[in-house]
Amino acid sequence: MKKIKVGIIGAGGYGGVGAIELLLDHPKVEITGLFAKQDIGRPVSDIFPHLKGFCDLMVFDPEDTAAPSDFDVVFYSTPDGVGQKGARKWLDRGVKVLDYSGDFRFDDPATYCGYASRIGARQEHASPDLLPRTVYGLAELHRKEIAKADLVGNPGCFAVSCILGLAPAVKSGIIDEKSIICDAKTGVSGAGKKVNPAYHYPARYDSMNAYKISGHQHVYEMERELGLLAEKDIKITFTPHVIPMTRGILSTIYCSLKKREDINNVLEVYKSFYRNEKFVRVFGPERAQSTSDVRESNFCNLSINVDERTGKLIVISMIDNLMKGQAGSAVQNMNIMFGFEETTGLLRPGRFP
Amino acid sequence: MKKIKVGIIGAGGYGGVGAIELLLDHPKVEITGLFAKQDIGRPVSDIFPHLKGFCDLMVFDPEDTAAPSDFDVVFYSTPDGVGQKGARKWLDRGVKVLDYSGDFRFDDPATYCGYASRIGARQEHASPDLLPRTVYGLAELHRKEIAKADLVGNPGCFAVSCILGLAPAVKSGIIDEKSIICDAKTGVSGAGKKVNPAYHYPARYDSMNAYKISGHQHVYEMERELGLLAEKDIKITFTPHVIPMTRGILSTIYCSLKKREDINNVLEVYKSFYRNEKFVRVFGPERAQSTSDVRESNFCNLSINVDERTGKLIVISMIDNLMKGQAGSAVQNMNIMFGFEETTGLLRPGRFP
Amino acid sequence: MKKIKVGIIGAGGYGGVGAIELLLDHPKVEITGLFAKQDIGRPVSDIFPHLKGFCDLMVFDPEDTAAPSDFDVVFYSTPDGVGQKGARKWLDRGVKVLDYSGDFRFDDPATYCGYASRIGARQEHASPDLLPRTVYGLAELHRKEIAKADLVGNPGCFAVSCILGLAPAVKSGIIDEKSIICDAKTGVSGAGKKVNPAYHYPARYDSMNAYKISGHQHVYEMERELGLLAEKDIKITFTPHVIPMTRGILSTIYCSLKKREDINNVLEVYKSFYRNEKFVRVFGPERAQSTSDVRESNFCNLSINVDERTGKLIVISMIDNLMKGQAGSAVQNMNIMFGFEETTGLLRPGRFP
Amino acid sequence: MKKIKVGIIGAGGYGGVGAIELLLDHPKVEITGLFAKQDIGRPVSDIFPHLKGFCDLMVFDPEDTAAPSDFDVVFYSTPDGVGQKGARKWLDRGVKVLDYSGDFRFDDPATYCGYASRIGARQEHASPDLLPRTVYGLAELHRKEIAKADLVGNPGCFAVSCILGLAPAVKSGIIDEKSIICDAKTGVSGAGKKVNPAYHYPARYDSMNAYKISGHQHVYEMERELGLLAEKDIKITFTPHVIPMTRGILSTIYCSLKKREDINNVLEVYKSFYRNEKFVRVFGPERAQSTSDVRESNFCNLSINVDERTGKLIVISMIDNLMKGQAGSAVQNMNIMFGFEETTGLLRPGRFP
């Protein structure tokens, strides 16, 4: 079978290398072009030496007209603002586009504007006419639309963990949707490859912090997606934290149950919601689960708990922020967009220790 | 001036070495006896080699009748169940006692029984008649009683961070006391020096987890102390997490404000409550604070935030779990019990990086 | 094609889980039995939760007569002393055996005795008659013998890094073989999954140490293998160190060059020696290489340097101690023993970050 | 007693904050001026929040003529090239100068030139006439000259560990001085506070590397100092490594013994050499020592070993690179320069864990 051709824009970052690692092992894909703003003209294995002998493709400037351009799909593993300018040229040629940023997570200009204001970005989208074509790339909620889409906005890493942790409770109506609090902890790789004094090894090795308290942009897509499920407006209290580790998000989600619920009933709500999902594993409160259980895999592990003393549902949602939170979701979406088996190239348990 | 004589029972653990380090630098104290269940007959600097030349006292079995016994105060840096059996013999001789465990955090047998059931311990206290003499050793709330006490129960590390983070809000009545959620993250040293597969370096280095969801014993003393301040029963939703770092607790505390409050008013409530406190520093939402700001010091840093969208007060409370959360609080209590300046031996900023 | 059946004894340790992870992804292998001394009767995914859904086989006691026994090859991922007692029963049935320990690294009882005395073990081998059948499992030096063997002793992790770093220099005769010094640094996983106060997270997170100075048992096999290449006795000064990280060995190897050599000539000696090797990558002094370049892969990266001021050859040899240093080498050996393509299931670049 | 006044240039780096932390606790010193190139006009506790309430001095531009200038001593905690330009103005006013860089480690222009060429710096010293006044600030070797000096060049961190580890062996003549190999491992803080892709947390957390193989500039001062002791030229093979930890240098030093030596004789050479030293602790091979034994203290721990099989002396030399390797040595030198007890403000055991 002919392999599809993939180009990656932003190949020099963590999102890019994550896609390369996964696609190298994907039987139906060939990487045919890599683009970045730095390290132009060097093999990507100079930037990521572990790739030597596996992927030694040259890195091109995205503006280079002599660069490869024969792709079936292009990944924009780039910050906010890049994909919205570049996507059209690919779409016009029939090339599908997967964007990692917030550029294509919202399907109308007004909603995008609300998001853009949160990140201090220009609030006018560069390609507003493309927005109605885009689909929010969380397969567990939008599989059918993704299958038909040629433009997908990959979800934010925190959003993946919180939405998957909340969707069954919100959809089933067992919780008071005004009571949702998400306390999220992420490893440092969530902030990307760019150096930052706060992530310099000696500053970070034995220290954690909260940041953007009540102001993180991912809450926007959580509220939108969960609002669609609830069929009403939802507001979420969300606090992200940075933890001295590399891979992993653990979101601790608190909601008030509308009425006293037995843990088994709640567990059944979750198991039923995800009964056909390959990448969501639902557990009861039986054991202390760790992010190492999902490290380097595309899984989301959910631990469902009820605090009977306070009537709270407490969900612990764990993902690898660079996998299910980024490149893994991207490959899952690509599989759906091209009609491949959804799990192709993604069925790996990760590594321990 | 004659120095007071201190004995430390449980000198081989993190709580013990923390006390030794602080007391070595305390101008009014002399360590005259060290006790442990292991390493009997060896100098403590064999167990903790950094102490070589600073403290080379021999470790005695607590049962050894030939061991030193001339003390003004004894620290029980021991697990639950030890101090309650040993305290009487010291008290009877006029020696003051400071206990790190839950044994003397509650001043009546019934309350202790509730605590003991949480930790799966024998619910009958070994010395119930001593309980009315004990004081809960959080200086910021009980300074006057501590000054008169000869028996003090040092608070739990999570409790220190959460109670200090909540006390002004609860006391002032600005929050709905039924809405309190504490999401606490601790470094691994909180679990002590004892080996554990979950804290083996390769298992822990890149992994975090929640544990004892809704069931951690420290919630008991939080509810008791905050209930006293509120003059009503309080129930708290509390989830502890273990983070791959050594020192530090960061508790993220969520409460519903009774009415819309300006951040400056809330900040004033906190600043006013702690205006005379040397070891509590109150900050607004102006910057991302880190546990490294309090590492190796006796401070509690509080960052006060209001989420206007959801009407929540969000307090980030940070301590070094081995200092303000353990040995630092113990020395602070000892200073108060002996009429020393409260900050003696504790005014150090910690180290960075 | 019919898959070969593999049994793993010692499935609950790092060597066992490493083999499981690799074999799950190996197209010609089926894992049909797992054995351990602990967690009997539980699925292996209870011990290693990341395996859930990938490998949920029950763990059996190796002594259990009702346990699976239909294998083509058995991996002894066990400490010294276990494989030498168990191997015979499998060999007698025509089942091949791969042992991770020192039990089958030496092909005569006298040499084994020298090794055993180093580790304080019983010096008489339990199955001395099997020793002449065994082959030292370093494929780069013994590929042909491994192909014919039914009993292979997997090399020690430090030995892999030092022998591969030294073999070309020793074989070519460019160095004074009396001058060899190997300074090796390993991540903590090299010590296995068993808890140890020295590897408790808080004790290890910001500390390194040397140990077994001049006394580590792996030097024995290094001297034997390099002596065979040099055709003379070789003595090596070897110092291992433990570093606060999980995966990786970096051995810094110092030897006196017999005469002034140009770096390019020395580099050519190495490139030529390894010209047909898939898992050894030879580099000049051009860049600072890191163990992350080989993390989670089966590669050995060598950086070749000459210190012209002192006439030293300095080789930096890097492996993942759990891959090329353990499970990866085992699978490589298995591939050779069964006539599979040597790289089957092993051609992966690892993950970054 | 009147306190001496100290100014610190380069207060925003690790060397600066280390000096501040130590001097805050020094009974004979007052910090009266802080200078940096960044964060001008802000209190230093904005840069290092743990200092809040301990040191809130404003940071000045070193060029600011309105800045404080009434000092008894100035610390240049700055990179190569800064102190050599600034020192004169202080010296001319009778202010003593302590420089952390290589600028004043060499007392003649020609030797400095050799050093400068190693670091790619301008080879002509900016103040060559000052060089004859400077003293190499390793108190254990140059105590008397330091006492008389008004200009001291603090030694390099690697140099401290290697020179202290070698001095007794070199001075006593028991080793072949042509055989010296130093394999040094440092925590990341040795590279300073400046961000660097190689020290970004996710890149570094589970990876180590060698660098500047045969080319690190610290070897220059090691050879000079040890040559003085040996009264002959010495060349050293030196390889530095970066380890994923924050504080600590462990140097493993290999030398050929001229003749077979009993470990006790060698140990006696070391103990005798350092018998009056307060900050050097000499140990035999009895236990695995760790850098945590010296973390946050001014000690150098030496473990002396003899490999009888190969006739090598193996010394493990451990320091905290930011203390004895930097700010601690600086304060020790200051104490000597001002006639204070040498250990003033430095007698602390560090912290564990």
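Before moving on, here are some points about what is shown:
Letters A, B, C and D mark the chains in the order given here, with residues in each chain numbered from 1 onward.
Keep this in mind: a residue touches a chain if its C-beta (ideal position, glycine included) is under 8 Å from a C-beta of that chain, and two chains touch if they have at least 3 such contacts.
A quick note: this is a predicted structure, and the numbers were derived from the prediction, not measured.
Of the two chain pairs examined here, B-C and A-C, the one linked by more C-beta pairs in contact is A-C. Among the other chains, A has the CA centre that is most remote from the centre of chain D. Averaged C-alpha coordinates give centres for chain A and chain C that are 37 Å from one another.
Chain B and chain C have centres, each the mean of its CA atoms, that are 46 Å apart. Annotation for chain A: residues touching 2 or more other chains are 14, 187, 189, 193, 202-203, 205-206, 244-247, 289-290, 292, 295, 353.
Viewed as a network of touching protein chains, the structure reduces to a complete graph with every chain in contact with every other.
Partner chain B is touched in their complex by these residues of chain D: 14, 17, 21, 24-25, 48-55, 189, 193, 205-206, 246-247, 281, 289-290, 292-297, 347-353. Those residues of chain A that touch chain D in the shared complex are 14, 187-189, 193, 195-197, 199-206, 244-246.
For chain C in complex with chain D, the touching residues are 181, 183, 185, 187, 198, 202-203, 205-211, 213-214, 235-237, 239, 241, 243-248, 250, 252, 254, 285, 288-292, 295, 303, 305-310, 312, 314, 316, 353.
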